[in-house]
Every structure is written in structure tokens, then in C-alpha cells.
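By letter and in written order, the chains are A, B, C and D; residue numbering begins at 1 in each of them.
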Amino acid sequence: MTVILPLLFLLAAGSGTAVVLIRDPARQIFAIAVNGLVLAILFDALQAPDVALSELAVGSAAVPLLFLVALMAVRNQPPEEKS
Amino acid sequence: MSMLPYAVAAWLFGIGLYGIATSRNFIHLVGCLGICQSATYVLLLGLGYRWGSIAPIFYDHPPGTPAVDPVMQALVLTDIVVGATLTALLLVLTIQAYKRGGSLDPEILRPMRPGGQPDRGASRADDGERTAP
Amino acid sequence: MTASAAALLPLPVAIPLVVCAAMLATAHLLPGRLPDILATLAALAVAVLCAVIARHAAEHPLVYWFGGWEPHDGVHLGIGFSVDEASGWVAAFIGLLYAVTFVFAWGFFGRTHGHFHILMLLFLAAMVGFCFTRDMFNLFVWFEVMSVAAFALTAYHLEESALSGAINFTVINSLAGFLMLGGIGLIYARTGTLDFEGIAAAVARSGRDPVVAGAFCLVAAALMIKGAIVPFQFWLADAHAVAPSPVSVIFSGSMVSLGLFGLAKLSAVVFGGSDQLRHALPLLLTALGGGTALLGGWMALLQRHLKRMLAFSTISHAGIMLTGIGALSADGTGGMLVYLVGHGLVKGALFMVAGILLATRASIDEIALRGLGRGIGPAGIAMALAGLLLCGLPIGVLDQGTRLVQGALAQQGRGMALAAGAIGAALTGAAVLRAAGRIFLGLGPDPGDEAGAPSADEREKANRPLWLMLAPCCVLLALDVALPADLIEHAVPRAASAFLHRPAVAALAEGPAWLPWTSLTAALAGAGYGLFRRRLPALVVRPVSVTQSAPTRALEVLHSGLIGDYAAWLAVGVAVIAVVLGLA
Amino acid sequence: MSPRLRVALLALSGLALLPGAAAVIAGLPPFGATIAQYGERINAIAPDARHVANMVSAINFDLRGLDTLGEEFMLLAAITGTVVLLRGHRGEGNSGRAMRRAGRALIPRSEAVVLACRIAGPLTAVFGLYVVVHATVTPGGGFQGGVILASATLLIYLGEGYAGWRDAVRSHWLDALEGGGALLFALCGLGPMLMGAAFMQNVLPLGTFRDLFSGGLMLIENLGVALAVTGGFTQLFLEFMEETRATDEPEEPGEESA
């Protein structure tokens, strides 16, 4: 446990940094999902299963899905004529 | 190790803020805001942890076994809901802003451009626009 | 008697919540005007309940423990509400402001199945909860509910500038929420409790402690972001200028000042025991407040978009309120609380005038509207009166608050803050009076620097008769002017001391009587200069335009509307607070 | 401000904050050393006082139930806001029926996808229900279960296509579900007041420790949260999906939720 926790913390910092540095939204979505997953594992290791389950459902599934949908909406709908 | 979680939390907030400050795409920016928020998760759960304790669920272990702080976990649960709601709202705003403004770049989508002239105002205000740039 | 009054405490929060949940559950069944009626009644009920609670809280604060979890052996297990007289009256004022706003917006939000009333009622419940709670995390929850409702309401117009204004607002205020939560985590880890009293006791025991200072820094930054204090003020102009006018009434009238209300409560009650903070706060708060008052006033004078002008004027007045808090005395805080109510009444009325112009004249641009207000004289009178009140016309609630704040500052020898507040008030008053003169009298055909300011084409539905919009506006102004002064004079010393958890004082100091008159004169002079500059000799006009052009342009560049800039300024602000606290 | 200036400003304030942050971190208890008195106290008394095994649920639904009430209404505010902002643009009239973009053909789904979704959908739903009802004994609760249930309805979208989804899920039912759940929660607060107890006081029989039906009023509150979250998140997905109907096929989402 004493090795795993620091590793997970560092992984969380790394995946968070990746989300910021990947500037293309399409690829950023994967980073967001991975970051959610890493956080969920970290929370489980911190003895917070309730939080881990929420983060798994929200952070690594629902939120990336919303991002995906937003991206598709933006890609597929050319902006309307401005009045 | 004893400082690592707090340092990670500070780093996540800082890097998220850096992302927001430099982002040229609103969808990317919303992702960065999520990173700022994950800093609070890490900080709170880090503060509520204790070595050698079980999760605060006394199903397999009898009550009285040392457990980690359940209050922090309850706080983070609320925080996760906050995060989900904010992300959804911001993405909606972004989609709509894209439809109106035709861009996702904060530099292009500004709330009000300096010297913006109302279309109908020009004719009404006889000499109102004279000094406008 | 007080025991039964304490049992009322959950109701002002629960009633709007129940009404809005029921409205959502039956959204598609509700007939046309029912949401308007229900929402107005709910807001009135909140106002009345809060007034009753406030009256009962006059003797000593009412306390209520949710779920029956009363503190046990000094450990606070559940969440409590604790209402002193001042908090009760502030909540009652907010309920009233909502009720009046619902009348003002009658039918305005018609097409969305009551969804807007749902959001507004949630907003109201969150504000009342924010005033009443005595639990750190609960405070955060209401802070966030308030924010989320506000974000959605801002973008109602779905126009480009409304949307990007709303995005800026959302991002900055979300960051505020995260900072606050971080601060709460720190203080909880240090003190082991979330209850205000519990934290206060632990803070008083702890002595000089970087964790306490760090927690205060984060929480204070969050509340100053809500309260639009320099350098966190940028979001406000973007959001208030684009929100629908009824929403702006609420934003300027109560949301911004509530952030400062929270700051006053926390710095006096929760963190008051820390010597380090007691030393650092007066300088920090009066300096930031003074700067905010000046910058807001100056920017207000440079605007042509009426709602944006009022937004900057709100920033300026928020600065004055902050100087009141900075005095850390019963006079200053009492003055700030009175000022909060007075400012809410006057600013609410002004945003209603802006809404009337948007609805009946289909524009919000001061220069485009020149002379177009002639048909709606009463609105012009209301606007002029509100402008005079803003800059210090010595009648009414706002003036009483101003004099108390000035008294506290004068007593502590903070001349700079005193002057900054007076000048800021004069500048915003000048801006409003200039706009009133130009719109309703057709004066000032030759605009100065304000012509280069941002503006946008905007209008609102004209689906309400003029009197329906004008009546709420007049009610607000009448309340400000006609509330009996001696009643407030009598109640404030007691209420302010109870708010600060200090022994009661007999009377409060008031500022010099000539100061409001000076502000008023300066405002009239400023407005006159703006309107009649063409008739003034070049000897006067030229130096003024030369000296004000450069700083004016610099200020406009700073308010760029770019979220990246705002994030950078946010970091600067947090750093400033941290450095000042660290050096103390 | 130019981007470079902005980053410089940010770095400068970061530097200014560094000593403060270091002092705060040094002043905090070392990681894993101790927990706060409040949490310790709750761990000690709540199993006895409320007969529940999951302390986090005990806090969320009982000790600090007001926070969860606020949180639920925050969700309600966000989803109402989302609906208003997205519909305000489309117009409300056509939200009840599937509309199709002109010039876009219906794309037939492969048998395998339909089959997989028809199997995974109900399984996810069952798992969601499991998480909801076991709130007081094992990890999970109304919120987590509600999100999973909403993902199950999303799987219907993947399996049956948009029209099928729209037939299965109607917008005003979701409003009713969401509002009704929140109302149920709020009434759980007011109900005990009518009986002379405090707001949200746990006045129902508490049940046996480690039993599915333990915790009294918490169970009803949990149900309210589950209803509100299921309705709310489904509504959210629905409104977002409406924005993308120019697309062919959303990629694989929803899998991780199980």
C-alpha cells in the first residue's frame, strides 16, 4: 500500500497535466476519461469506495460522454447565419 | 510522501489554471476546469485518510474498527455532483456560443467588443457615433 | 415564544424548494400565469417569515439543528442554522426583492413552462440558506446552488455576447467555488469541525497558524470573487450587462452584496479569533475596497451600455461595502449591512429602469437613446432620483449606511478609504445622472469618451404594460426613501453587535455631514460636464480630455472579456491576499 | 493582454504564492497521520444511532442531509438550465417527437450492436437498481445508482436508435421524475416537522443493522435522490443527444459505467 498510493497520486497529477496539455479536444476526451479512471482507482485506494463509484460513473463515463456529444454537435452543425 | 497529496492538489489547481489562461478552445477550457476541480477531490480525500484504516462501511468489519474520515467523503460526493453540473452547463453554453459566434476561440467570442455600435442606434443618434473609433 | 420562532427557521429555505420541485414535476400541466403567481407568493412568504424570524432574533440569535442533531459534548454533529437579527432582516429584504422582481417580470418568462421561476426560486432558497447557515460546508453548498442558478439565468437571451458573458461568469465563479472548498478542507483538517462556533473556538486557541491563514485566504478570495472586488471584478460587468434585466436586478441587488455579507460574517465570527488576521484585515480590506470603489466608479462613467454602466457602479459600491467590513467594528459592519439593503433597493430600481427602456424603447445604449425617453417621464424621474441617492443625497436607507461606513472609517483614521468611497459614489452617481439627462431630457449631443465604450444591440419583449414595470421600481425607491430612519438607528447598534458576536454598543458613530453633500455636488458637476461639454470653454475641456484619455483606454483594454486574462488576474488576487496575510 | 504577458503574470503570482503554499502544507498534519474529530465521532456513534453500516450514506442522508438536499436542487437547477438553454433555441414545440434532419438517411445498425445493447441495457439497469437499494449497507446510493440507471437508458439509444429512444423516454415524464424525486426529498424534511420533530429528523423505525431495510427515513430520501438523478441525467443525455442528430453513430460510450 505504501508504494501504490504515492504512485497513484503521481499518476493523477500526470493524467491531469495531460488533460491540460493535449490541446485538441478530440484527443483530450480520452485523457479526460483516463484521468477519471485514475482518480476512481486512487479514491478506492484511499478507502473511499462511495466516491470511487461516483467518480467512475460521472468522471469516466458521463462527463466524457457529454464532451463527446458537445464535440459532435460542434463539428456537425456549421454555425447559423449570423443575423 | 507525507506532503505528496497536498503538493499534487496544488499542482493540479495550478496546471488547470494555466490551461484556462492559455486555452484557445472552450471545450478544452472546460476540461481544464475539471482538472482544477479534481485538485479539490485530491486535497479533501488526502486530508481525510489515515494509514491502516478501513473504508467507513461497517459491513465486513464490526463497528469500532478504525476507519477513515467519512465526512470528507461525503463532501467530495457533493463536489462530484457540482462538477458534473458545471461541466454540463458549460458545454451547453459552449455549443450555443459556437452556433451564434461560429467559433470556439475565446479570443474571437468576446462578450462585448469595444466600440461596438448598435445597428439601429446609428441613425437615431444624430451625431452620436462621431467620436467612435 | 422564541422556541416556536426557532422552529420556523427551515421554512424560508424549504418553501421555495418545495414550490419549485412541484412546479417542475407538473411543468407541462401548469396553465399560463400560475408560475408567476406561485413564485410571487412564495417569495412574499419567504419575506414575511424572515421578518418574523428577525423580530424574534432581536433578543438573542435563534438556533436550529437539522435532523435533531444537537451538539453533544461540544461536538457539533449535524448542520445548524443560526440567525441573528441582521441576517434575518437581510434575508427578509432578499425575499422582498424577489417578490418585487417577480412582479416586474410578470409574463416575461412566459414561454418556458415556468422553468425560469424554478431557477429563480432555487436562487432565492440558496440565498436565504446562505444567510442563515452556521456550517462551513453548508455555506459552500448554498454558494454553489446560487452560482448554478445564476449561470443558467445569465444566458437566457441566447445571444452571442450573453453566451460568452455567461461562460466567463461560470468559469470564474466555478473557480471561486473550488477555492472555497479547498479552504474549507484546510480549516476542517485543522479544527476538526465544520460548525462556525466550533471553528471560531479552535481558531482562537491556535495562535499564529499558516493553515488557518491559508484557509481564510482561499475562502476570502472566493467570496471576493462573488463580491466583485478588484482584481476579481471582471466577470461582473460581462454577466450583469448581458443578463435579462429582472435577473440583473437580483444579481446587483443581492447576489454580489451577499458575497460580501458572507465575508463579513466569516471574518468576524469564524476567523475573528486569529490575531494574525485581525492585524492584516483592516489594511487589506480597506485598500482593496477603496481601489474597487474608484475603479468601478471610473469605469461606470466611461460606459454607454446602460446595464454595463450599472454593473460597474455595482462594483464601485461593493468596494464601499468592503471598506465598511474592513473597519472590523460594529459601526463599519452595521453600516455595511444597512448599505447592503439600501444599495439593493436603489440598484434594483435602476436595473428596472434599464429593463423598461429595453422593453419600451428597444435599446440599452445611452447615446442611441438620447431624447427617446421623453414619453416615459416617470421612469426618468425614478432614474434621476436613484442616481442622486447613489451619490449621496442625504435621505433614505442608503445614505444612512453610507454615513455609518464613513463614520467607522473616519474614527479609525482611514482617510484614503473614506475619500475613495466618496469619490467612487460621486462617479457612479455622475454616470447615472448623465445617462438620465441624455436619455430623458435629450441633453448632451456630443458624447465624450463613453462613445468608444463597448455596446451591443439588445431588446426585451414588450409584453407588459408600463405601469406594471414602473410600479415595482417605484416601490423599491419608496422603500429606500421612506423607511423610518430612527427605527434603523435604534436597531442597528444592537443588530451589528449581535452579528459580530460582541457586547452591544449604545450608539454608532456617523461620518461628517458635509461628505455626502460633497459627493453629491461632485456627481452633479461630473454629470454636467458630460452633458454640456460643448458649451464649456476649451480651457476646461481640453485638460480634462487629455488627462483622462490614456488611463481610460488602458482600463478598457484590461476589461478585455478574455477568460484567460481573468484567470491570470484571479491568480494575482489570491497572491495579493496571501502576501498581505503572510506579512502580517 | 498578450498570451505571453498573461502566462508571465500567472507565473509571477504562482511564485508569490509558493512560500505561502509551502507553509500551509508544512503546517498540515502529515498525510495519513490522523483524521478529524468530527469524522471519528460519527464513525463511533452512527452505527448505533442509525443502524446503518455505510457511514457516508448516514452523513449524506441523515447527519448532513441538508447538504444533500441542496446538492439535489443544484442538480435540478443545472438540468433545468440546460433544458432552457438548449430548448430556447430549438423551440419547445418539437421536443416531444423525433425530428429528422433533412437529407439524412437512416443508418441501419448492425445486428451485433443491437443485440449487445439489448443485453447490456437491462444488465446495467439491474446493476443500477442494486446500487440504489444497497445505499445503507454497501458503497453506492441514490446518486451513483441514478447515474448508472440513466446510462442504461442511454444504451437503449445505442440499441434502438433515436426514434426508439424517443418512444421509450418522454421529456415531460423525466421532468416529473426529476421534480417528483426532489419534492419527495424536500417533503422528507418537512414531514417530520408536522409530527413535531426537527426538519429531516429520522422518525421512522430504523430497522436492523446491516439489513437492506435499515436507516428509516434515509431509505425514502435515497429513493428521492435516485428518482431525481435518474430523471435528471436522462434528461441531460436526451437534450445533448438532440444536439447531435446530424451524426451517424456515437462511439462506444456507456460501457465503463457498468
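By definition in this document, contacts are C-beta pairs under 8 Å (C-beta built on N, C-alpha and C of every residue); 3 or more make two chains touch, one makes a residue touch a chain.
In this text the structure is predicted, and so the values were computed from the model without any measurement.
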| item | value |
| --- | --- |
| More contacts between chains, C-D or A-D | C-D |
| Between chain B and chain D, centroid-to-centroid distance (C-alpha), Å | 18 |
| Approximate Å spacing (C-alpha centroids) for the pair chain A, chain C | 36 |
| Chain C and chain D, separation of their C-alpha mean positions in angstrom | 32 |
| Residues of chain C touching at least two other chains | 137, 141, 144, 148, 151-152, 155, 158, 160, 186, 188-189, 194, 560, 562, 564-565, 567-568, 571 |
| Chain D: positions in contact with at least two other chains | 3, 6-7, 10, 14, 21, 24, 26, 28, 36, 38, 42, 54, 56, 64, 67, 71, 74, 77-78, 81-82, 85, 89, 139, 143, 236, 240, 243 |
| Multi-partner residues of chain A (each touching 2 or more other chains) | 49-51, 54, 58, 62, 66, 69-70, 73, 77, 82 |
| Interchain contacts, given as pairs of chains that touch | A-B, A-D, B-C, B-D, C-D |
| Residue numbers on chain A that touch chain D, as the complex places them | 33, 37, 49-54, 56-58, 60-62, 64-66, 68-70, 72-73, 76-77 |
| Sites on chain D touched by chain C in the complex | 1, 3, 6-7, 9-10, 12-14, 16-17, 19-21, 23-24, 26-29, 36-38, 41-42, 45, 62-67, 69-71, 73-74, 76-78, 80-85, 87-89, 92, 172, 175-176, 178-180, 182-183, 186-187, 189-190, 193, 197-202 |
| Contacting residues of chain B [partner chain A, same complex] | 1, 4-5, 8, 11-12, 15-16, 18-19, 23-25, 27-28, 30-32, 34-35, 38-39, 41-42, 45-46, 48-49, 53-57, 67-68, 73, 76-77, 80-81, 83-84, 87-88, 91, 94-95, 98-104 |
| Chain B residues within the chain D interface of the complex | 1-7, 10, 14, 17-18, 21-22, 46-51, 53, 55-59, 63-64, 67-74, 77-78, 81-82, 84-86, 88-89, 91-93, 95-96, 99 |
| Interfacial residue positions of chain C with respect to chain B in the complex | 137, 141, 144, 148, 151-152, 155, 158-161, 163-168, 170-171, 174-175, 177-178, 181-182, 184-186, 188-189, 194, 238, 241-242, 305, 308, 362-363, 365, 367-370, 372, 445-448, 451-458, 556, 560-565, 567-568, 570-571 |
